[in-house]
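Same chain, two partners: subunit A is paired with subunit B first, then with subunit C.
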Partner chain A sequence: MITFERRVEPNLGWTVAAFALAVLACLLATALLLATTGADIGQAFSALWKGAAGSRRALTSTLVNATPLILTGLATVVAFRAQIWSIGQEGQVFAGAMGGYLGATLLMGLPPVLFFPAVLAFGVAAGALLGGLCGWLRTRFGVNEIISTVMTNYLIAYLMSWMLSGGPWTEVGTVAYHQSPELPADAVLPMLAGIPRLHVGVVLPFVAALFCSVLLARMPLGYEIRGLGYNPEALRHKGVDIARTVVVVMMISGGLAALAGAIELFGVSHRLRADNFAGLGYSGIIVGMIGGLSPLGTVVAGLFFGGLASGAVSMRVLSDTPAALVPAIQGLTLFFFLCAGVLARYRIVRKAP
Partner chain B sequence: MTSVLRVEALTKRFAGVTANDGVDFDLSSGEIHCLFGENGAGKSTLSSCIFGFYRPDGGRIFVHGREVDFSSPSDAIAAGIGMVHQHFVLVPEFTVLENIIVGTQKSGWRLNAREARRKIEAICSEYGIEVNLDAYVWELAVGRQQWVEILKALYLDARILILDEPTAVLTPAESQTLFRIIKAMCAKGLSIILITHKLVEVMQSDRVTVLRKGKVVDTLRTASTSADELARLMVGRAVSFTVSKPALAPGAKVLEVEGLSAIGHWGEHVLKNITFAVARHEIFGIAGVADNGQKELFEVLCGVREPSAGSVRLEAEDVTGFPARALMDRGVGHIPDDRFREGLVRQFSIADNLVLGWQRDGKYTSGPLMNRAAIGALSKTMIAEYQIAARDGAVPAGNLSGGNAQKVIIAREFLHASGLLLANQPTRGLDVGVIEYVQTRLLEKRAEGFAIVLASEELSDLFNLADRIAVMFKGEIVGIVDPRAASVEEIGMMMAGNRQAAA
Partner chain C sequence: MSQLFQEAILISILASTLRIMTPLLFSAMGELVTQRAGIWNMGVEGTMLMGAFAAYIGVTASGSLWLAVLAGVLAGVLMGVVIAFMTATMRVDHFIAGLGLNLLASGLTLYWFQSYIKRREQPTFSGFQNWPIPGLADIPFIGEVLFSQRLLTYLALLCVPAIWFLLYRTRYGLELRCLGENPKALDVKGLSVPARQYAAVIFGSAMTALGGSFLMLGFSDRFLADFSAGRGWIVIVALIAGNWAPKGVLVAIVAFAFLEALATHMQVLGAPVPHQLLLALPYLASIVILMFVRFRSGQPARLGVAYMRE
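Up next is the complex of A and B:
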């Protein structure tokens, strides 16, 4: 008889093996999915790889795609580590983009060294405010953060929709497109080393990941965040202001997600349009979870998802596979990685019957 | 006497730990056989193997001379073994009768209540157990609830009864009744395995098997041994039961509580008009059965519960309703009763737990970061000073035994407190050796000039340590006595709600 026994301490080799198994299972399941579409599996995988990492252009695209996902992933990590189940990354991305856009309309003409930090700060502040609001609702009125964040996601999405279709930021003459005018060239993030599409914003997720890493592992606030997730009762008894900590966590999380929206605005879309931001927040939740709620893991998972996104385009073009396949792969990845996470905590024992 | 249960060379291993190592044990018909040992000595593992919860990795079990191999407790029940757990598994909304027969029906869907009632009534009258079968379990005192558990086992025709720490939740009077009835059962041929770490109870058994670190140290006739010998066998060294308490004149008042009341979650009055004061060099004891307001009193005193009326003064400053942080900064230390829920973060290392609540203190930070070197050095010192059994400070607190976890909390609170110590059930669930240690440490703090509020369900703690003993019942202090003048019986009466007669 084969049974599972909980491990007392995690074992590195076994953990690696569990996740390798997850990758394998994921590839296999994807291959099965591809087979049902009638596509040539080998060709599809090779197209996926080429689009994700096959050239400098592909790598640029992967990095640019990964940038917002890593940031929303980090937003997830910070909140979830405190066992605060914020689903508000989606709305915070929108808030970040709108905050950034508002900043740009106000601060146009400042020298770039001041302009970009300032408009990004506008975006971050908008997201932090939104996240902080949900945190405050929980601590003050006991509103479940899942409910409040999902609701604010809708609120913000509709606010933006209104602003862009008849509201003050609507592009003149093109109401039907539901978008803002394009930002002037001065307000677009410069390119890194002159490489096309590779805006300087791509370094920020790595800076943010480093910050989160240090925060969680070394700073007193990070200690409180982890403690809050493990045992809030003990923290309360030892004088930690739980309400304040919840609000702060939600502000940091909201700020990180909003930074994703702001960078996306100034680096990629250059105008407000819902299509450009939709899904970044929700994907971030998956990225953070696959990353094992660790900042480093989130970077890896974000790059993986960024690669999937850019590889998907070439897969569609080169091997004629349906576009819906990519979200399916993302879902499968999450599923198998969560399974691996559980498996890693157990040992398989063979017992004499 | 004939042997009804025999265990030979039983071995049970858990990932890396040998909980039972070649244990031999036998139970004679009609005897009370005590399993005695520290927490983690293997008492519960052994009884769980006998009751079919665990399957042993080696060794054999015989019931009435026949070898058995239980794969679940239902096999054990079928073989006539019953177990009463420390924590009851009863449905409060059901009556006593329903609790006994639900889930214990041997066949069919229909509850045959009439027949069951006859059988249970017969059992009750046989052993002199008084329980109203139609009362709801929530109406019963804890001591009575235990009878329901015992009846459940007897109803299933148990001839061998395992009692796991049966007196943990009982008043002294309830414990006495329990032992009277246990003895009546034995006289009628039942055999009882009694798991305990209380010496008073061991002394009432016929034989005792002492376990230490998973091995049998010895099996003795209780009549031919002594409490001192048993304690020495259990701990592996001599233990003193009465720590010597020097006479000290109380100094200035540190804590003054007046008219303190608090309201619970459901609007009930959990604290009613509590008034007392504690001075330097004084230990103020609080006796009482669990859930009579001790926890709420400590929560108010350590700043995690708002009082509804009354005042708290600390060193002459009015601190009523101050948050925990403010009280900690004024030198209040707190040893909570639920150590893994309120005192420690299981997933944090010992080192991290030692600075819990002080993580922002300048001593443990350098710039914006926590000072790992300082915290690591602190944990090294504390592990040595408080004899915490752990490889190093990186071990997660959740891996520690109850006694070592308690030492971590004590180390932290002693290190940071400077005037008042609040200790709620500091010896609960600990072994004799650690209890002695905790008591000695508390007396050291008393000598240093701390004022200490100590609540304990163990009267021995209070008689050993306290300068005065208050008894709490249903949120009130029903009396304050001098331990040198009061008797256990007197305090026991008060714990059951009788007002102090000679007040």
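Up next is the complex of A and C:
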């Protein structure tokens, strides 16, 4: 009889095989998805590749698309490693963009060296505040963080919707566009080495990833984060203030996600408009989880999905495939990777009946 | 304001409270069964969205509202199978599995929706009409509020006593509650834990998708992205606020629906408050409710804990 048995030690070869199987399943499922809507599979895949890595412009676009995803992915890593199931990244991205926009309206005219760090800090502070609020709701009132973060996502989205249609940031002269006026040219992030679209913000996710790996591996707070995930009771006996740690973790996570929103505002969209920020937070949850909740893995997964997002544009143009293929593939990939993660922990054994 | 006008407004608010609570009630009663069986299904939102989407495809493709409901429920069954497989068989963390399902559902529905309406105008439909109960609907006030609703609204209200009876007065209900409190007791008696969990999750997801179908067919004439708009999460809040008992959950759902009905009517009456802030009320209320709900005595002891035979 063949049965599954839980492994005591993870086996590298088997783990690699399980995840390779997951990747294969993803490709098959994507092909199936394309087939359900009657698209030409070969043409779609080739357009996808062209748009993701086929040219210098495609690579730039991949990097720009990966930037917010890596940051929201890192926000997921920091929270989930502490077993805090925050899904507030979506709202924190919005908060970061709104905080940054507020900063820009207040600080316009500062020299760029001061202006950009200051407005990004405004954005980060908004997200950290929002994250910290949900952490506090959990430690002070026992409100489940999944629910509080989902609800704040909706609250922030409605707040932004009001600010941009009827509220103080509504673009004058337009009624139906639900957007803010465009930022002046001085408030747009400069381009890296003069390459069009490649704003300097693309460096920040890598800095943030380095910060997260040092934090998790080398700093006392990182030890507490991992401890919160493994055994909060032991941590309490060691005299760690769990409530404080939860709030701090949520603030860091919120700040990282908000940074994504602020960079997106100053580097890509140049104005507040819900469409430009929607989905970045939810995709980040997938990126962080597929990255195995490690900063390095998150960078890799973020680049991969950035490429997918970039490729999807050319796929829509060249092979008329709906743009929402990207979130669909993301959801499927997450599922297969979750299964692979379980599979990697088991082994197949043959027993005498 | 004349008294007649005030009464008309009140009737309208109460009647729409009942209509708004219909999808929430279906879903909440289904989720109650799922959670009493020990499965913390966080995929309610995605399941409701999938049900609504399947109903949209069903009604625009076949033209029949009841076939559309059937399509929605079948989509729910499928979602239930996936969630049960992830939680009861693969034993993935229940929160993670549910979040994954939500993300999958929002991506897939959007992709299929965009493919469905590609190169043509989005098809619309006309949804369920009122189905006044003869005789009862003519009673002044009460008749207009209670007995001039859609057929599925009556069914949703009947679900509450039916689920209560199932949980507390049948052998199956006893086994179900045992799954959430002490699954080992069932296992040592030779009764299959996974089989019962599969049944509970599939039933719950089918009910949630039925709610999603009503959301589509009773309120709208077309599908939009993020159609369920957080209602699945409100159902989860209602379960916690109602302390996992049918009556308590009903009260919580009524409160949410009343709030939403009030918000939409204030918008129509031209209250000097931006409508976005009125629409945000139920979400704000969810957080406030959870802040002050202290009793958790009804929470199943093994809720969200994977059962492993040692």
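One rule holds in what follows: the second predicted complex is superposed on the first by the 350 of 353 C-alpha atoms of A that agree within 3 Å, B and C clash if a C-alpha of one lies under 4 Å from a C-alpha of the other, contacts with A are read in each partner's own complex, and residues count from 1 in each chain.
One rule holds in what follows: a residue touches a chain if its C-beta (ideal position, glycine included) is under 8 Å from a C-beta of that chain, and two chains touch if they have at least 3 such contacts.
Note that this is a predicted model, so its numbers are computed, not measured.
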Next on the checklist: Taking the superposition on A as described, I'd like to know which of subunit B and subunit C A:Ala58 touches: first, second, both or neither.
Outcome noted: neither
Checklist entry - Of the partners subunit B and subunit C, which touch A:Leu325 in the superposed model: first, second, both, neither? => result second
Checklist entry - Given the superposition on chain A, which partner contacts more residues in subunit A: subunit B or subunit C? => result C
Checklist entry - Thinking of the overlay built on chain A, is A:Leu33 touched by subunit B (first), by subunit C (second), by both, or by neither? => result second
Checklist entry - For A:Ile87, is the partner it touches subunit B (first), subunit C (second), both, or none of the two (neither)? => result second
Next on the checklist: Quick one: is A:Ile285 in contact with subunit B, with subunit C, with both, or with neither? Answer first, second, both or neither.
Outcome noted: second
Checklist entry - Taking the superposition as given, does A:Glu5 touch the first partner, subunit B, the second, subunit C, both, or neither? => result first
Checklist outcome for this item: Given the complex, residues on subunit A that touch subunit B span 5, 7-8, 214, 218-220, 223-224, 226-227, 230-231, 233-241, 347
Checklist outcome for this item: Seen from subunit A, its contact residues with subunit C in the complex are 33, 36-37, 85, 87, 137, 141-144, 146-148, 150-152, 154-155, 158-159, 161-162, 165-167, 282, 285-286, 289, 320, 322-332, 334-335, 338-339, 341-342
Checklist outcome for this item: Residue positions on subunit B within touch of subunit A in the complex are 15-16, 302-304, 323-325, 327-328, 334, 336, 341-348, 352, 356-357, 359-360, 365, 368-370, 372, 399
Next on the checklist: Can you tell me which positions in subunit C touch subunit A when the two form their complex?
Outcome noted: 42, 82, 86, 90-92, 95-97, 99-100, 103-108, 110-115, 118, 229-230, 233, 236-237, 240, 274, 276-277, 279-280, 283-284, 286-287, 290-292
